[in-house]
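Please see the structure below; I have some questions.
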């Protein structure tokens, strides 16, 4: 069971990864990256790594996303373009 | 006798202290640098466990003759770099101390993942220092390639961990020959590519031009000597002793090294700016030294490594100072510049001639050793090495002739045609140049007084059994 | 065209990895199939690395923590240094930008006061996480990052707060220096850098595991202050109103 | 099986680096690559039907490999540092050249 | 006095000279004269020494050793003599040099270096001193007119020297020793190895001698070097190449080792190929020399042609031709030294060496004229000067082996040399005095000394060539050849003999006759230079109407002035640069993705390649 969840999570991660790379808007990319991090937290938990999961949740999907957004705020146009 | 961990701990401590006592940072930086430069000579040899956990479980520092000599060289180079870049320190003092700790750790560590951590320390510090040139895009390029490189390296070592269940260098080197070919090829290529980024091998080194070509009097010698020496030394350690490639893959690596050497030398020949020329020369030398490590000529490789490092200290310091003082480093505009500062000119010339490998200078001894060990393998490698040396010689001689002799083409050389350039704050560099110049000449005539320790270092690199027994057998 | 080449190359390299890593003769341990006995970790789990020490050699209940802080404490020290350097770098690079970020909204009274309460809670939980790092999942890194994110909220909610970051400079330096000093004390007392010179106590107790909690608290403080510094520096910049 | 996907995620990141020309996109790709790498590292330590490596509540013996977890902890924090520096650089690039697109950057490296 | 301490003294005193020149320019220059005289004196004492071994230093795990031998002494004495004589000019040029201290130091270093090359017992020592000579002379050249030519010089030299280095280490790899004697013994068992080594090592000799296709550096470097250094380059350093050829072909007896190979006209085909190159360079050197406007370039091209004679003689490896080649080493050193020195003297007084700006100097500088005249007579191979002896021997050697093509080239060169050496003579010394040079005086007495000595030696050994040939026959015997036969002043070759004394007397008589005729016949009336063309009208640029311009117009028009070899080398250099630019754009492109593309390509290649393994 838990293996299957792991595979599904992994597949979702790939999908979001491709979306993050290919999406036209930068802000979408950032959001997908954040989602990616969250999903990977799930994967970490499935793989019995609670320490890593907590750290990734705080740093990966929290702080990094915030840093990206602050950077994006610098220029509204850049955020919209591509 | 000094415990080697102090070479990492004291600079780091100083770096942390300097954050909240800003005024002391000058004193701290120079104090730490002098401390490490001196204590390098009195380093205690052997294996040092961190936290008292024996390898392969804990992390250990390994001071054999190889890392001993590299530590001495790197710390001396760092001190010289500080002297020549004294006026450029500005806000970078804390980072410099961290770099000192990082580079010492990089060379001494006996653990593959610990090596990754130290690699990250110095590369991130490298990005920040490089950014002081205001060429942010070049730095970004360095950052992307550097991060990619360290990720590839990490992937390689984790594949090894997944196979062997250990990260300790000695443990891995013991078990590595028995690993199946497919794991070998993956881990070797990934680790090679990862370290290749820092060691400036050809397909991995696209960042070098933007970084080395835009250096300041501080970062120029720092990158081209301290970083390069550390990275190449680690390269030699990993591929000479720990993950020794087998006969088929090693051919690809040797080919890559030689391609780097020849290609970079031709690029240097096509360069019109001094710093760019030196950049490509550095790349070429890195390729050459790595080739020597790959074909097993450790002694020759080490000699050339040291020769190149000290030579580049002067060359890059001078080039970056010239740029800093005049805002330009086009070689044609610098004709006759040495006539204004003969001491630096002497050091520069001797360093260059030594780099080319002309007799009477230390580089010649390096060259004959390189040829000797290359001939032990086959006839083509020495031929290519010689081809590269010819090209290198041509552009360096062109440079020297121009810098020494002011004058229009077709006219007698005269002082009237001298360049308007000046070198500011050149006193410390003059001293360094004369000092290194004299050392090059003396060691070029009587190499024995330098080479005894280098020979021991090369032996210790090729003697994996002693390494294993020191790390795993001890305590 | 460019994308096709990119895809082809990526697929080729991926194939390179897959075919070699999972080929028949590969002795890379397949997913989930490995056994702890074949790795160095079995000694970490059993806490039997050094039989000459007082058993258990590390009192930490969380084995990951015992590795991070004790067995491989040197990595952590280096990694804290990485964060330290990048915080410095962000500050140096940000110094060029020189302008403060301002937002289109003005944080109101409710946000302001509500934030303070929430920040307090987050701070406390962050501190709890790294204080109990040797017992429960978590530790210095997530705890420190949580402290950082608490201050992020402060930054967001209070315009004035963005200038008051001098204290973090002292804190990061102090925490870093203390880590080194703990290591050096270990060197002078036990003969090894980062030697565990404190008694281990009993597994599961708060005051157990020797220097592990001490170091992890310091790491947490250091990470927290670094993250806060980075965040603070990120608020400097030209952001349009 | 899921290990394949994690490696694949790494290559998605590399694909991003190969195909994207936007600086922020490249940083995102780097993050994806690092994430994939971290997942892969954890997966090398995973053991079927083993427990999380915490000696608590008496669940002794049969843990997953804790060493990769320790390594990933370090790697994540290093990744944060790199990302922070990269983003700050990106902001400086934007300030200097007014763009995030690599093709539009002029004046560096062309002599 | 031993060779090793001599070398050490030389190196130390070169530093001393540097410091003293910084204090006082003239003092340093006089010191060079003093030291080169001392060196000459000491070397002279080694005349009969052979097989004495001196150890210099331990160089790492290698030992640098010297050994005296007859051939080494011969070359050393020629070189030190040239250096000594040229050094008399140095004091007068100190004021004009951009960096006199460095000039004096490098002058000394290169002099000591040549001695080291000749006395080397092993290849490593030889190579070390060879390279020292290269780089020390290299830094003197740019003090003259050009900053480009030293690079050409270095490029061609380093092609040679690195080829030699490759050969040396190839030998070391297969023999296990650098020692020339040991290599020579080991090679007699391994002709296949030696065939390869012969070709790689002799490249060094060819480049230094300036044999086609490596001749391009001679006109470039000799033509633009400082005037006092050109005679050293041409008369002296070129002979180092001859020495390498001697080592490669004779000291290591190629004719014995390669006896099993195809023999062409009595020599192994390897030697014959080199001789052919020598023949080509005789022709090329002659033809190009005829066209030169600048006297120094002209003499440089004549050096190319004469180097051809030397290499042909040395490659013959027989009783007569070899002796001729060896003797030509001395003759050419004296003759071209004298020619360059006399033009240095002219340049000292007039400031130019362009023939079209000179003329009529015979009345102002008669001694220089005489020295030049004697030198060119010797170079053209006319008795009774010593040049005749060597050329005659080479012709004898060629004729007795039946090498018609090469002999033809040699004859062509001999005839051509009349043409080209006469041109500077007539342009600079004869004709009308340029109005610019009305107040020119003869050079100071110290500069006259070398000119006189060189002229004296040329005449003396022309009359008594046996004095040199006796020593050369000793050399021949020491390397396993049959010595050249001499009876008093008679020299006996296979196809004929020649008594130098008789010939001198005949020519002396003829000369007296001509002189009497000259003095009793009516003198031509001197006309001002301009008036020849303009009938008294004033012209602004007399140089263009100088009769030395297009001197051999009818002859020159028969062949083009395209420097094909130079163009070829330029093209190669350009390709290398273009390749470098390509590497820059390929691997150091602006785009990050492009760099990552290369990294991924590396993985892909390893994948495809590793699969096969």
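By written order: A, B, C, D and E. Residues from 1 in each chain.
The rule we apply is simple: a residue touches a chain if its C-beta (ideal position, glycine included) is under 8 Å from a C-beta of that chain, and two chains touch if they have at least 3 such contacts.
Just so it is clear, the structure is predicted and the values come from calculations on it, not from any experiment.
**Student:** If you take the chains that touch chain D and keep only those that also touch chain E, what is left?
**Tutor:** Common contact partners of chain D and chain E, which must touch each of the two, are B, C.
**Student:** Under the stated touch rule, with chain E ignored, which chains end up grouped together?
**Tutor:** Connectivity check, chain E excluded: one piece.
**Student:** What's the chain with its C-alpha centre farthest out from chain A?
**Tutor:** Measuring from the centre of chain A, the most distant chain centre belongs to E.
**Student:** Could you name the chain whose Cα mean is nearest to the mean of all protein Cα atoms here?
**Tutor:** B
**Student:** Sort the other chains by how far their Cα centres are from that of chain C and give me the top one.
**Tutor:** E
**Student:** Between A-C and B-C, which chain pair shares more contacting C-beta pairs?
**Tutor:** Contact tally favours B-C.
**Student:** What's the distance between the Cα centroids of chain C and chain D, rounded to whole Å?
**Tutor:** Chain centroid spacing, chain C to chain D, equals 15 Å.
**Student:** Cα centroid separation between chain B and chain E, in whole Å?
**Tutor:** Inter-chain centre distance comes to 42 Å.
**Student:** Can you give the whole-Å distance between the Cα centres of chain B and chain D?
**Tutor:** 28
**Student:** With centres defined as the mean C-alpha position, give me the chain C-chain E separation in Å.
**Tutor:** Taking the mean C-alpha position of each chain, the two centres sit 73 Å apart.
**Student:** Mark out which residues of chain A touch at least two other chains, giving numbers and ranges.
**Tutor:** Correct list: 49-51, 55, 59, 63, 67, 70-71, 74-75.
**Student:** I need the residues of chain B touching at least two other chains; which ones are they?
**Tutor:** Chain B, residues with two or more chain partners: 113, 117, 120, 124, 127-128, 131, 140, 144, 148, 161-162, 167, 181, 185, 209.
**Student:** So which stretches of chain E touch two or more other chains?
**Tutor:** If we look for residues of chain E contacting two or more partner chains, we find 588, 592-593, 596-597, 600-601, 603, 606, 610.
**Student:** Drawing the touching chains as a network, do you get a line, a ring, a star, a complete graph or other?
**Tutor:** Basically it's none of the tidy shapes, so other.
**Student:** Which pairs of chains touch each other in this structure?
**Tutor:** A-C, A-D, B-C, B-D, B-E, C-D, C-E, D-E
**Student:** Would you pull the chain B residues touching chain C in the complex into a rising list?
**Tutor:** These residues of chain B touch chain C: 3, 5-6, 9, 12-13, 15-21, 48-54, 56-59, 91-92, 94-95, 98, 101-102, 105, 111, 113-114, 117-118, 120-121, 124-125, 127-128, 131-132, 159, 161-163, 165-168, 171, 179-183, 185-186.
**Student:** Considering only the defined contacts, which chain C positions touch chain A in the complex?
**Tutor:** 62, 64-65, 101, 129, 137-139, 141-142, 145-146, 148-149, 152, 227, 230-231, 234-235, 237-240
**Student:** If you look only at chain C, which of its residues touch chain E in the complex?
**Tutor:** 2, 5-6, 9-10, 12-13, 15-16, 19-20
**Student:** Quick one: in the complex, what on chain C touches chain B?
**Tutor:** 16-17, 19-21, 23, 25-29, 34, 38-41, 43-44, 49-50, 53, 70-75, 77-79, 81-82, 84-86, 88-89, 92-93, 95, 169-170, 172-177, 179-181, 183-184, 186-187, 190-196
**Student:** Please output the residues of chain E touching chain C within their complex, sorted ascending.
**Tutor:** My answer: residues 593, 597, 600-601, 603-604, 606-607, 610.
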